[in-house]
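Down below is the structure, laid out as structure tokens.
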């Protein structure tokens, strides 16, 4: 997240928003944010949302995610929202939405579906 | 791809390999490659594989992809393979595999399924 | 849909609900609705939602879908909702939710993400 | 599987084939096999493949799957192959391929990616 310059702008139980600004290093050849970069931030938003419903000492690991790219990610800044659809002892299912913010306009540009596995007592990999 | 330091190591009709080395900026908190970074390179490998079966002037756009993370992406370098499962006039379906290379060991660490849309005569967005 | 006994219970622009009742032929070995059957109805709900935003003569084809199974599909009846996330000339992205209804309780049991391709002037395959 | 008339034609450790014949009840309006039906059989092939790598008393549950529909499922019979990509104590990742058989021609018509959760000591839901 440091590499991408993303910041946590909202945190509630099962809900996380991460925001980041347009930067040349995050773009593909037309100046839009690269799909993989958007996936990276959405995946993190989903992972933090998962962590927020779990015991403090637990960790989560993404086991799979799917992203649909609805429109070019074009804007000054971007908000990636992660929300928990179903908490579980072992499996936590989350959903993400990415919005491009261009002046006072917001546009849904990507959706994610992400499955997390909860990890307990496995310190070596105990976090997103 | 420049940001990630990825290089094209194999290119045939419908088949592309991209390789990159471990670097601190690409990792999550345990020193493994971040899932989103792996997705970025796999998505690019799939996109280039799609381009390789299309007319020169055409472009492709990922409309969706899904990644399964099978094992921590731990190694000195990584090879992401993209292959075309089904070429088509409008839709090209591709598959990706990511291998972690650790000394003389290789391990499958992620698989991707990626759907591309072919773009013709749309210069503004005519490439991955 | 005839095989499954599903019926259309709601239709608005970009929104479709299909309902069906529990029946032995739709279940797996524990008496819950089989995941594939749920996928069938959700896919249809998404397809009809896509059709509802398109010109009358057009058709749609699912090119891919993903389903997350959140809980056993246990109940007397089931409601599958399909909604259009993004209409498009070529690609229509939709989302589905399946609810199990057990007495006066409703429970979200599955979510779907489905990508449709619009078909025009191709009578042979011009519908879901 | 009884409802669909599917039969097990190959079983090895981590590999399962299920075959079924064309039948009117399995089709959509153009006489091709409905995507949801294909998903049902592919999901079962993946589930059985997962079971084949697990202890006898264990069960598996699909937690999510994604299917890509590459071509209309047109033929006299169909073979759905499930294979284990990664066995695991908790999570088993599998892949499926569906082929349409038309005379002496075979065609890849769908691919699946399916994540299973292993269940132990939970008799009520201890199988696909």
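All chains are identified by letter, namely A, B, C and D, in their written order; residue positions are counted from 1 within each chain.
The working rule: a contact is a pair of C-beta atoms (placed from the backbone, for glycine too) under 8 Å apart; a residue touches a chain by one contact, two chains touch by 3 or more.
Fair warning: this is a prediction, and the values are worked out from it, not measured in the lab.
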| item | value |
| --- | --- |
| Which of C-D and A-D has more C-beta contact pairs | C-D |
| Over-half contact-pair match to A-C, picked out of the listed pairs B-D, B-C or A-B | B-D |
| Farthest chain (mean CA position) relative to chain D | A |
| Whole-Å gap between the CA centroids of chain C and chain D | 20 |
| For chain B paired with chain D, centre-to-centre distance based on mean C-alpha positions, whole Å | 26 |
| Separation of chain A from chain D, taking each centre as the mean of its C-alpha atoms, in whole Å | 31 |
| Chain D: positions in contact with at least two other chains | 63-64, 66, 68, 93, 113, 115 |
| Residues of chain D defined as touching chain B within the complex | 66, 68, 70-71, 85-86, 93, 95, 108, 111, 113, 115 |
| Residues of chain D defined as touching chain C within the complex | 3, 25-26, 28-30, 34-37, 39-41, 43-44, 61-69, 72, 124-125, 127-128 |
| List of chain D residues in touch with chain A within their complex | 63-64, 66, 90-91, 93, 113, 115, 117 |
